[in-house]
């Protein structure tokens, strides 16, 4: 018998993920903070519940996909002025999957609370962006109990392509933060190469063409380099969300007394970008901070 | 009629490049500072000359492939206590190709000297490493006159896979420096992600497996990440040479009054690596500097 | 008539500050989380109360001097499992002075809560260290209402030397964070000069003697430089507390979307120091992180 | 009998230093690259010579005070197209004092050349700026033979206040570079504190007043902080010269395989300042790079 699935958080990522769950034949109960976003899911066959607790009560497996650590605590545990959290309704023996990107430490705290109810928490943050969510090709990095992962794997398969079991509770979050560290510093590498190229008077598109396939290559260069030259700063991934994730990485490192000199520098530069262009600009706008210091415009004259 | 080719500099890169030229049917005259290295080339059919000037006198196209700006000046222009430079013997109307990685400014200075002799200089630095030199699949980034490039393209085709015309004299060097900026900062990204992963108690191989195919992916991560976990610091590319190239980038940026904060930080960290492990360790040893500060060993317990 | 003074927090700083208030003739009521620390104050004439609320109820002016933002919220506002906060007992028309170093934003939040009770909050963080607290020569950076400051000035005069009105609520905290930014980056300057000197084979004491009185001079160099050469890392100010303050500065900057590249780098380096030597080592141990990378020991052979 | 003194280099520093030597009763022979600058010295009683060699031939002690390593090599050793260097005319048993700020390694090379002529070289770089040169209160950091220093001490006393013997040849240069490291990173500390203060909405003059006398204090803050608030970027010391000195420090560190992360970051930021404002702006303009990233103007609204 197929598990019934609850889904909390119908944002840019959550909404298409629910569509993929419905498409795979799962019964899905949903809740979102702003109720207007539940309509599309309901039209596609999902059942709308009136609280996270109600979602959990109706589901064998409950998924949360919201933004920050406090949001996950809000929908899974609850809080002042919030509707009852999933923990209030959750069934003993069920599994909760948090697909948000949050602090590994907060993940472990919530896992401990749910364990008291005999509920397993898997942390399962995702990468692949909106397009990956629509296509059902997300990378899913899973921390927590291996048996629980096996149980919910068909559900994750409906949403993702690559599913990696990273280790015990919090490990998925740690790997996601590693991902964000590498993404951001690779982005910085691209930006610095482009600004140097432009300031040296060489055509940056030619440079990208010459170096992308070799040892200097990266997903960032292949996917975002030419967009910078074309002055296209529309978001694949937004600076405001990137900064949230870098904050998580830096805070986790701070607790470990671990220096992250590169990540920290990129976080500082993104601050200037967010001040100038707001949180919704694409992460490739990191180059704008370097351009401001260098007095050049990549792709300009 | 096929051009005759001169080749100055039979190092790790130059020696297999000459073999490929011979294999493609070119007549090749060679010179190397330490004459013992000319034997293998001579046995394969090359003619040994006794100076760069003699190489140039015997060749329609003269190639230099040595280490630093001063070395290129030495073999192409000459200097106190050195054998006569190529410029002494070079034929009017011939082409000189410098495949070393050196300063764009020095490149332009030498090009101006050769132009007085009615000789075109192409700067054509390479990437792809020793294996690429052996396989004849080097990436070649070419600056200088487009017609001169077309004339020598069959020669470059014998040594390389991807050949990109980057613009006027010096542009090939600029693009090579962009390549080294991106290589180095991507390397830093990988190192920081690995150290964070290890310090967080998550298996770094699992992390690499989870993130390499997505937005965090890079040639560095795919080719060097697992080698770090396996504590294999044998060189693909050596720290000492990487530092030479980063020095070129930082000096070029300094002349342009251009900040390169990321490249500069990586250059500082590599200094600690070179002090500890010498110039011949592989560039993936960058992680060792971060490990020293973090008190962890990636792949350790 | 002299104001009666309440004092919450009898730590390394608070205890001698209370002694100075008693010495100046003020009636002082005290509370501390660990009650054993109230004994010395009581023997010197202070009255021990059993909660922050009781302190406030007994006092015209209530002072808090604790560690972090959460501690200030705990003693001034209260919280789960805590004794009643000062706000419960505070008299309308009285003044509360928070001499802790905390977030400017949290300061303003608490000020708003107290204003509802017709109570002025002054933020008045201090610098000068334990010795300054003992000697009554602390620098006090005051934010909040100017008239409230005038009213309590005799109380502050009993504890401090230099008292500066910095502006509205939170301004004292902002200036204290500026102080900590400058302290930390000056410390970094000293550390880098010392490591360069040592690695260059020049006697670091001679260097300090030569440069301290000129344009390179700083309080850090004059007071901590020779202690580094002597390998004396006993705390004037502790790394753990310094990191708490840098975290406040970086978080405040993050909210303002303001890059703090230097402060951020020092915070990263201090992380390595705290991991290696714990939170109680003196801030001059920053040099240890640079020594680890440089492979030298300042003052060693 | 008083030594006769030769002085090569009548720039902003050298010209008033010669006046002080004349004022102290020394016979002074001078040479400058641009001869117009010798007139003032000649009017004050100096004798103009027509080459550095002629200066040295006429003098018991020969001083050079020029800009860069190459300039010192030019006037002391000579070179293509240059007038004969001091070494051509220098008397055996005499002393040469180089008061320029140059590479410790180049200093040692020149010292070795002069030693072959039985001439001692002292490296004696200075700090204190134009005003210190006029007032005769320069700090002089001396490397080389201690007996040679004692012999020339009356000459140095005529120009300087504090004279420190730093160790063997090159040590004076090393200490001067330590000075420049500390000067520059302290400058960065001040700039970052000011930008944070301004962005936080607190009056920066008040902040400077509050913190300058304590643990955050530095010569930079006391002498340049208020000038930044007043938007006075006239040079005490020029960015272009500061960059020259930081280049020397970074190159010396590079040869030692020594990371200088802070100095390197400041050097990168100064690059942006020099691009925007030219080499002749005062070093306090470092703040302009931070202001560009932060979107604030210290002292503005």
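Letters A, B, C and D mark the chains in the order given here, with residues in each chain numbered from 1 onward.
Here, a contact is a pair of C-beta atoms (placed from the backbone, for glycine too) under 8 Å apart; a residue touches a chain by one contact, two chains touch by 3 or more.
Because the structure is a prediction, the values reported are computed rather than measured.
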- Message: Let me spell it out: compute each chain's centre from its C-alpha atoms, then which one is farthest from chain D's centre?
- Response: A
- Query: With respect to inter-chain C-beta contacts, which pair, B-C or A-B, contains the greater number?
  - Reply: A-B
- Item | Distance from the mean Cα position of chain C to that of chain B, given in whole angstrom | 53
- Euclidean distance of C-alpha centroids - chain A vs chain B, Å: 38
- Can you list the chain C residues in contact with two or more other chains? 253, 256, 258-261, 265, 269, 272, 275, 289, 293-294
- Which residues, counting only chain B, touch chain C once they are in their complex? 261, 269, 272, 275-276, 289, 292-295
- Within the complex, chain A is touched by chain B residues 104, 127-129, 139, 141, 162, 164-167, 171, 174-175, 177-186, 188-190, 192-197, 199-203, 206-207, 209-211, 213-221, 223, 237, 249, 252-253, 256, 258-263, 265, 290, 293-294, 296
- Item | Interface residues, chain B side, partner chain D - complex | 243, 247, 253-254, 256-261, 264-265, 267-269, 271-272, 274-275, 289
